[in-house]
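Across the two complexes that follow, subunit A remains constant while its partner is subunit B and subsequently subunit C.
Up next, the complex of A and B:
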């Protein structure tokens, strides 16, 4: 993803460390760093979240539009992902440099959320066959400091959790065109159900049988291949995506999947607990980008 | 995984009471320092419409009629005689280009490098062809600033065996203004770590080498032990904690932070947490103030 040139000796140091069970910053193979989270950072979006993990910084916004449904799915809403890797995040993203990574990220997210068990779009209908709610999820990568997939998935889930759309009522019909009223009451809102929304956990394969989660940008330079695992809150695996050139043995993959299931369930529980806690703070001051 | 809310973490504040006397003045770029032409224009200032204006954000300092602004955060400026740590970005044409946390990449000529074997002889074409065997792209080197060129490019030298290629270990980078100026830049700390405080803000941490010959150009294949790794990880995390809270970095402050973290019984990986980092920075300042 982002290239920094490490010397052979530095790589050696990192790889040896992982094999000995102590990473360069003292973590174990399945330890995450501290994640900083804030929702509701943007007033102009229906839902937004900013997530920071060390130096990776992600801003996710969710905006709702009323649109005709997709042909063949008249009773389903839409959930669309768009990822932008700006040149601010890394110089490599300048021009069209970030496009490949961005489209890969958005396709992984789209697939992750496409299943009805992960995110149910059936409830997002206003007028069946005519108007459904379309949710545009925009992910802006502000800074890229490793472990992008995990942070993006956590950001998306948080932003969807924080999404509030005004309640829509159909008031009448005027020459075939329907008339809508949106509720002015800030508490009369619809929310999205994210209880089953999955997250991603990236395992970087250091050597056969040894994978690490939450790699730093230096660690990412030491191994070519990682496997991105989608985990639902009930600890089931719902997506597997191979990243980078290289191979992963079946034994290693199995171990990574098993590890992700346990870890994923734990992270889900913590994330939801924290989001609930944030919600319960009365008159919460938004810290945003200047705090 | 620990998740914290942005509203939970304390606002960024300076831990230190400003030590500067009351007449120190903080200016921002474009701010008029003196509306008077009788002062001499020093670094960080320029003249505009008969006024002396600051070109950087920092403190105004004055020696007789000479007014300069000392910037708070800056890229490495370069001074002859500084010991710095750099990373090779390009090889060719009888010289290496080094990233040194400065505006421009610095230049290390093959002629200015003492080759292994220590004999003083003219470098021939064979040596030039074998440059990549000595230092390839990504390699970390410890060098000395020999000259600041007319074009602003720093010319480096590695004339004694004190300088040369750095082996296994890790690099921590920070603002060069955080480093205490010191004649001695390489330190063997009692916890089994060799630390090179590059004046450019690149700090290299590696295991102590017991041999007397200093740095060579060959990589050692020796595996670094777990205990040494642990203290290196602890040191690097302490460094980041101190840098985050703008505590000046010196061998004394690092050892104080290292010892404080051991005294408080903090596991190495916990030093990555925001509140623990803050505790360490406070404990370090306290320790320095006491002695």
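Up next, the complex of A and C:
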């Protein structure tokens, strides 16, 4: 991903530390860092979220558009993912430099949300067969400092949770074309159901039998292979991706999967609690990038 | 809807000489050498600076060891009312060139002969005066990176709208136009070195009568000076917080 140079001795220090059960920043192997989360940061989007985890900064925006449905799916809305790795994050991302990472991220997200159990697109219809709601989820990577996949998935779920679209009512018909109006009451909105939306947990394989979650950018340099596990809120595993050039033993993989399910359910509960708490604040002041 | 009421107030309640609420912040990220965030009303821009480093661009090899400032502006897909399909296009490239030119004038080039300074600007939200906001944010990011400059470079827009009470031939200049004001009238972006009183960039793509130009230009220059006050206060504040003085890092 992003290059930082560590010497062999520095890598050895981190790896040996993990083997002894303590990481360079004092965490245990399955400890997650504190993350900052704010929704509603952009006025121009239907939903948005900014997530910061140490040195990783992600901005997710959701915008709704009315579009004709996909062929053969007249009663299903669309959910589309686009990732852009900003050159702010690393000069290597300039121009087309970030495209490889961006397409890998968007394809993982697309597959994660493609299942009807994860996110149901069935109800997102305005005129069956003619107009459905298309939700464009745009992920902007503003800083890239380790554990990117987890942060992106948390940002996407938060932004979808915070998405509010004006209620659309069909008012009449004019020459075969249906007319519809958008409600301009800010409280008369439709929301998306993200109760089953999964998140990603990355396990970095340090050595056989030992994996760590929420790796820092330095730790990511020490090990080539990581397992990205998609976990639903009910602690079921819905996706597994093996990233990086390297090998992983079956028992290490099984252990990682088992750990992810428990950890994932806990993070889901914490995330929803945080989002509900944020929502309950009346006239919440948006801190945005100034906070 | 009138852009200027009979009482001389604009749609958002400002007078003609009133700028939008300006907020800025230095030092958001660790990886770039300098970073800054600038907000002018609903326009929000993030800038980061990498460098000075060994010159790599084609432009620098042809010159005589001059310092090269490159700029790349990109936009968040949801930054304006319509979703953008591409973060970079012809328009952002034009803005990039304008920003790079304005910064080139401010950077003390002789100090960084043969070096390159890369500036990346990310438009988070666009509501008029995007180019100006990009220049201001990039200037703050340069300062945060500790790059020696001859002067600040600040930019502001101005617009001309017909006065409500009179016929359409009479116009009134507005400072720091938002999207609805600039799309109805015109948008003149001016960047200047505020202490040296020099104009470094001027851009408009709307027809504007010559007789109105002076008033609009003066209004933009007035806006630049106002922004300079605000930006300088924030830089001073930043230095105080970090117990630093203004010198090369």
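By our rule, the second predicted complex is superposed on the first by the 291 of 291 C-alpha atoms of A that agree within 3 Å, B and C clash if a C-alpha of one lies under 4 Å from a C-alpha of the other, contacts with A are read in each partner's own complex, and residues count from 1 in each chain.
Note that in this section contacts are C-beta pairs under 8 Å (C-beta built on N, C-alpha and C of every residue); 3 or more make two chains touch, one makes a residue touch a chain.
Predicted model only: the values in this text are computed from it and were never measured.
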item	value
Subunit B versus subunit C as contact partner of A:48, first or second or both or neither	second
Most subunit A residues touched (candidates subunit B, subunit C)	B
First, second, both or neither for A:90, with subunit B first and subunit C second	second
Partner chain in contact with A:116 - subunit B first, subunit C second, else both or neither	neither
Partner chain in contact with A:17 - subunit B first, subunit C second, else both or neither	first
Which superposed partner A:8 touches (first subunit B, second subunit C, both, neither)	first
First (subunit B), second (subunit C), both or neither touched by A:36	first
Partner chain in contact with A:182 - subunit B first, subunit C second, else both or neither	neither
Which superposed partner A:143 touches (first subunit B, second subunit C, both, neither)	second
Which of subunit B and subunit C A:281 touches, first, second, both or neither	first
Residues on subunit A lying within both footprints (that of subunit B and that of subunit C)	none
Subunit A to subunit B touching residues, read off their complex	5-10, 12-14, 16-17, 20-28, 31-38, 50, 54, 214, 218, 263, 266-267, 270-271, 274, 277-278, 281, 284-285, 287, 291
Subunit B residues within the subunit A interface of the complex	1-7, 9, 11-12, 87-89, 136-140, 166-171, 219-221, 223-224, 226, 229-230, 232-234, 236-237, 267-269, 271-274
In the complex with subunit A, residue positions of subunit C that touch it	23, 25, 28-32, 35, 37, 39, 42, 44, 46-48, 50, 72, 74, 76-81, 83, 87, 118, 120, 122, 124-126
Residues of subunit A that touch subunit C when the two form their complex	2, 42-45, 48, 55, 57, 59, 61-63, 65, 82, 84, 86-91, 94-95, 136, 138, 140, 142-145, 288-290
